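For reference, the structure is listed below as structure tokens.
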Amino acid sequence: MRTGRLEAFSDGVFAIAATLLIIDVGVDVHEQRLGDALAHAWPEYAAYAVSFLTIGVMWVNHHATIDLVGRVDRGFLFLNVGLLLCVAFVPFPTRLLAEFVRTHDARDAALAYGGTLVVTAIFFQAHWFYAVGRGLIREDADPRAVAGISRAFRPGVPIYAAATALAFVTPWLSVALFAGLTLFYMVESSLLGARAGRS
Amino acid sequence: MRTGRLEAFSDGVFAIAATLLIIDVGVDVHEQRLGDALAHAWPEYAAYAVSFLTIGVMWVNHHATIDLVGRVDRGFLFLNVGLLLCVAFVPFPTRLLAEFVRTHDARDAALAYGGTLVVTAIFFQAHWFYAVGRGLIREDADPRAVAGISRAFRPGVPIYAAATALAFVTPWLSVALFAGLTLFYMVESSLLGARAGRS
Amino acid sequence: MRTGRLEAFSDGVFAIAATLLIIDVGVDVHEQRLGDALAHAWPEYAAYAVSFLTIGVMWVNHHATIDLVGRVDRGFLFLNVGLLLCVAFVPFPTRLLAEFVRTHDARDAALAYGGTLVVTAIFFQAHWFYAVGRGLIREDADPRAVAGISRAFRPGVPIYAAATALAFVTPWLSVALFAGLTLFYMVESSLLGARAGRS
Amino acid sequence: MRTGRLEAFSDGVFAIAATLLIIDVGVDVHEQRLGDALAHAWPEYAAYAVSFLTIGVMWVNHHATIDLVGRVDRGFLFLNVGLLLCVAFVPFPTRLLAEFVRTHDARDAALAYGGTLVVTAIFFQAHWFYAVGRGLIREDADPRAVAGISRAFRPGVPIYAAATALAFVTPWLSVALFAGLTLFYMVESSLLGARAGRS
């Protein structure tokens, strides 16, 4: 089977999941000016931005792995559907985080958000190591690129699990870590790519 | 006519229908902690997962049939539009199932869900047997692959009709069958593909 | 400019507009069984189906016109954006129709629905005759196919305008005509294609 | 890296953001006829149309810039994700504008709308000048086309910032400018393209 429609379907789910996030951004105007309500609603924008960028990073990584995959089998297709199921789920815990991060339910919201990212990271690893283990990688793929992705994927689950567990101590730090991990990854891989391009 | 834009449009509808499912996932927090509300809302996640995977299986099957179709005519395009109409309808009975499966209306919700799957299965058969009957299959297609798909499609309607009819006896068993059929199909076709790849 | 991304963007808008229709399908359960509420909500499903099929027909026609267009200029791109603006608007009057067709506001709902289809038909003509007039048609296009589309587009606006005007007399007949025109077109062009294929 | 999936993902976000706008178009019917409610709701349609066309113009411009980009690196991908984050955000201030433009909160709504467009224009410039500065432009690209886009992008941020600042004086003029800029751009670039085609 070709990877063309797999990419089209996946790009569709990534794009829709990211764009749907805006539906849940809203303000409540109770006897205050709109400007004040908008300023007060900042967790809505922050949650939108963090989730949009996180889905963007996942899309870039999916892009990178599928580029190395030469053919797909049913098992790979279904692991990919499972991965997309997780990506498309992200808007729900995002909504919870935006709504509850300033309440006494912040911990539960952070756990729901982090748990979703942990399960997503597990599927990300599973779909990659399945492709490697079943020999679906392109024969002309650079072995260092393949090894590099395998190495980069390994810490994903423990890091996100640790950031999620932090919510039991202090939900805000946990949430800050989710945002920080995404931004760190974006900056770091951009700089790395820039250095690699120069050398 | 080429199949390129047919695939693009179909992939779009499959991806959007699956991703839209998350809009209807929600929790009601009435004087309870968010964690308890989230735990109580498990039918929402279960319905989301079953429908997402079911749409994913349909997409994989659509992928498999269109791969064998060499050209399309107006009748095929419109049968495909009818099929997509059913796929895009799935979020509605999914919402009903999640909301009513624990009420005395579980039977009606299961009937709505199963009825949608039965009509979808009818359109799936219709668009495939139309392609076969009108000679739209690629000339270089493996006749065994064509016969295999024809054989695989035949039991779809009676099986889903039977699972739906079970709702009159016990809605929960009916719902469990919808989930089980999708999971069975995913596991079975992955193992089958793996075995076929080995031999 | 190539037509590739024009098709991708257009396919996206058609697919999303059609799939979003399901968001507005809902039932109100007031002290009645779900089954009764579902039976009573039939205008919701009917409006969903008619609008989905109408957008499907528009997509098939857009497919047919763009296939004959070899290159695009800015004016064509913006006429296409205007056409997509109308297509993406369809879910709104669909929602009105479903909600108000059984009330004393049926006429206004039918006028809103019909008005949207009339404006869409105007943009459909405009984008086609702009392509013909500005010489954007592929040089190897069959002149009979081009003339056939020009001939087929001409009656669109007056027919939809007449069906819309009928809402002043009897809204239900007007709505039945919108549904009938789409179904007639689907059946007629399928049969026509079948006959053309045979000869 | 190839630009193919970048285009697919971007086209998806542009198409979805534009098409989602219709979700927020609604009418309130309080003891008035539907026709009167529909007439009173004109800011909903105007905001829908202006935002749809503005996203359409952005898509056409994105189309034009990516056509000149030969390869992409991680930094470019993430700037593009940032740009798409802004595009996908547009439905939120659109909703605010439609709801508040006739209230004493019009100024805040216009500032939110304009601010979104200013940040979007900044990302549009950033992703283009990053591509130029990092040598991602295709080697066979016409240098005049590249210089023309650079020249066309420069006034974007100050013009949108000025239109936004006008909201402090008179929100309506500010809003009229947002609509006018989009329409002017569409007409002007269509005529320019027509003239260029003739000469």
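For reference, chains read A, B, C and D in written order, and residue numbers begin at 1 within each chain.
Please note the rule applied: a contact is a pair of C-beta atoms (placed from the backbone, for glycine too) under 8 Å apart; a residue touches a chain by one contact, two chains touch by 3 or more.
Values in this document were obtained by computation on a predicted structure and should not be read as measured data.
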Shortest contact path, chain B to chain D, counted in steps: 2
Most remote chain, CA-based centroid, reference being chain B: D
Size of the rotation, in steps of 5 degrees, that lays the CA trace of chain A over chain B: 90
Same-site or different-site touching of chain C by its copy chain D, using the half cut: different
Chain B and chain C, separation of their C-alpha mean positions in angstrom: 26
Approximate Å spacing (C-alpha centroids) for the pair chain A, chain C: 37
Multi-partner residues of chain B (at least 2 other chains): 8, 12, 16, 20, 23
Contact footprint of chain A on chain B as seen in their complex: 7-8, 11-12, 14-16, 18-23, 25-27, 29, 33-35, 38, 48-49, 52-53, 56-57, 59-60, 63, 67, 186, 189-190, 192-194, 197
Contact set on chain A toward chain B in their complex: 1, 5, 8-9, 12-13, 16-17, 20, 23, 73-75, 77-78, 81-82, 84-85, 88-89, 91-92, 96, 100, 103, 105, 107-109, 111-112, 134
